[in-house]
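Below is one structure, written out as structure tokens, with a few remarks after it.
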Amino acid sequence: MTLHVINKTPSNLPLYHRMLNGLSAGDGILLIEDAVYAGLSAHQALFEGLPIDIKLGALEADIQARGLTHRLSPTFTLVNDKAFVQLSCEHDKVVSWY
Amino acid sequence: MKFSLVIHASPFSAQTSSTAYRYAKCLLDEGHQIFRIFYYGDGVLVANQQITPPQDESNLLTAWQALAEEHALDLVVCIAAAVKRGILDENEAKRYEKPNANLASGFELSGLGQLAEAIAVSDRVVTFGS
Amino acid sequence: MSAKKSILIINQSAPYGSSNGRESLDLALTCSIFEMPVSLLFVGDGLYQLINNQSPEQLQMKKHEAMLSALPMYDIDQIYVTAEDLSENDLTENDLAMPVTLIQRDVIASLIQQNDSVLTF
Amino acid sequence: MSAKKSILIINQSAPYGSSNGRESLDLALTCSIFEMPVSLLFVGDGLYQLINNQSPEQLQMKKHEAMLSALPMYDIDQIYVTAEDLSENDLTENDLAMPVTLIQRDVIASLIQQNDSVLTF
Amino acid sequence: MTLHVINKTPSNLPLYHRMLNGLSAGDGILLIEDAVYAGLSAHQALFEGLPIDIKLGALEADIQARGLTHRLSPTFTLVNDKAFVQLSCEHDKVVSWY
Amino acid sequence: MKFSLVIHASPFSAQTSSTAYRYAKCLLDEGHQIFRIFYYGDGVLVANQQITPPQDESNLLTAWQALAEEHALDLVVCIAAAVKRGILDENEAKRYEKPNANLASGFELSGLGQLAEAIAVSDRVVTFGS
């Protein structure tokens, strides 16, 4: 089980495709920094149709900074710094996509 | 758990170095151990003691130094990356006949072997890339 | 300094993640002080700089939205956003921190043509 | 140092334009000296690192292709490239500077699963 | 007349689209640094169907460094540093896409 | 023709700063005038006198210095960008009570007004971005 952390906007489509392509069952995705824009409803097609069930999170501090608190798709869970640490422990490893 | 962090990004033009600091602080608050923080690529630039942020901005250098002091953190700056970027400790300043050592206190110059070791012994390695 | 040259600054970066947005605004204000006509185009990821209700307190960074609010005081009022970027993000002008001029994407070529200098960030 | 951990290094950057490629190779060689099993995946723009006949003399930069040739000497022989990346660039294995293991893109997930640590560049 | 200089690989598709969208008749495009990979035949769909005639160039030093000398699409002209300077003079302005 | 260049990119992690140098050199070889070179963002990092590239790599700092000396170039480093990155001249080192001035000779710290002026008076402004 891997936690995939990504920090670039969804306009970096090949980066998202590489990450999605690297997913296994039980993995999680965490959007941080500029990647939180991928949590806008408009970009949810990116995450639809994954063959497996994947937990989706977005880092709270970055969501708030960018004005996305009320614009985040309900498919994403708000993750604070403490929960980021917890997710890092619950998964076997952390892979950063940047 | 035992964590190590690798920080690649420039502390000045990217948010990543500051995200890494928040993450490190939270790890320690949660009772985890940080085996080592390894600064690589433009990430080493945070260890320049001359850094002078504007008064209304946070100071990542002093924040790392305070955290390191409080928790006896091992802050390792990749020596090859640092020297080519003009960040030198006493030894390197002497070796290359440069006027000043400018590596900030609390940081240490060393080789990539320190990163390999960190990967080998840590339960989790988290990369903060540019 | 010679005759006033017009400058178009194209903003293509999201705020906070990189320093591009702040550096471009600093330059825009400076050019305006020198009485050069400045236009700003926010395009692609640059649109995100304008989203309202930003609260970067946890990041301990300056609020980008607040920096934008200085633009009218410096008489910078030519601020362009494309309708296509808004709709691709399911956003409307109500989501933005300030009034902008909405253009179609194919107007960008003439903005580039009309200005003496074009800088990208 | 404790039991050998396997490491996968994912290379996603083109050579020369950024220093990522060089930094990843330096790390790969170092891990190998410490007898950690190292696999390298060149994917997306990272594929470009492997294109042969590089001559960076005018750039006054080190030849990336030459750095790659050190890998076998350090017993790094697990070098992966996806068939999809090759075909999307109309390239074949003959265009590459060294022998690689061709995989399908959907094998990447298991490479990530199998290794103890994964670093991206 | 504008010279458009771009320095990122073609995987930065939105950047290419913004540049192409900013073209006017008489403009030129110059690929430099990592952008020279957009000169590979495989990526020529990017530049097809432009409504206007645009001169396409690629910086020679970057083409050679990356092993693309014999792989460059014939639609691109090799531009050395001297010709880059000359193109900068022939056009009214230079816009950098990065 | 009268050119000015703006250099944004880190000289260490991106090729851009080195492309800008080749371009500047070629401009001068071709008989053009360079009104000013303005270093902004991480581009200012090239002006750290402590920079020590490996012996088998080219030295962009000394290359710029030699070109500037030969052609009396105006190399202006954005003061706000430089100070926050720990690159200080004598005045700024004194003002912020930092131990060393480390701005390389041949470069000058100044404000963004110098870039605005360069845009105003130059026939061509070429940006070298990260």
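Note that the chains take the letters A, B, C, D, E and F in the order they are written out, and that residue 1 is the start of every chain.
We adopt the following convention: a residue touches a chain if its C-beta (ideal position, glycine included) is under 8 Å from a C-beta of that chain, and two chains touch if they have at least 3 such contacts.
Predicted, not measured: the structure shown is a model, and the values here were computed from it.
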Any chain that touches chain D and chain B: A, F
Result of counting contacting C-beta pairs for C-E and E-F, higher pair: E-F
Taking each chain's C-alpha mean as its centre, the one farthest from chain B: E
For chain D paired with chain E, centre-to-centre distance based on mean C-alpha positions, whole Å: 27
Chain centre separation in whole Å, for chain B relative to chain A (CA means): 26
Chain A-chain F separation of Cα centroids, rounded to whole Å: 38
Where chain F touches two or more other chains, by residue: 12-13, 15, 22, 41, 57, 80-81, 125, 127, 129-130
Set of chain C residues in contact with two or more other chains: 16-20, 44-45, 59, 61, 117, 120
Residue list for chain E, restricted to those that touch at least two other chains: 7, 11, 14, 33-34, 61, 93, 96, 98
Chain pairs in mutual contact under the definition given at the outset: A-B, A-C, A-D, A-E, B-C, B-D, B-F, C-E, C-F, D-E, D-F, E-F
Chain C - residues contacting chain B, complex: 16-20, 59-62
Touching residues (chain side chain A, partner chain C) in the complex: 7-9, 11, 33-34, 37, 40-43, 60-62, 64-71
Residues on chain B engaged by chain A in the complex (per definition of touch): 1, 3, 15-16, 19, 22-23, 26-27, 29-30, 32, 124-130
Interfacial residue positions of chain E with respect to chain F in the complex: 5, 7, 32-34, 61, 81-82, 84-86, 88-89, 93-94, 96, 98
Parts of chain D lying in touch with chain B, wherever the complex brings them together: 1-2, 4-5, 7, 19-20, 23, 26-27, 30-31, 33-34, 36, 117, 119-121
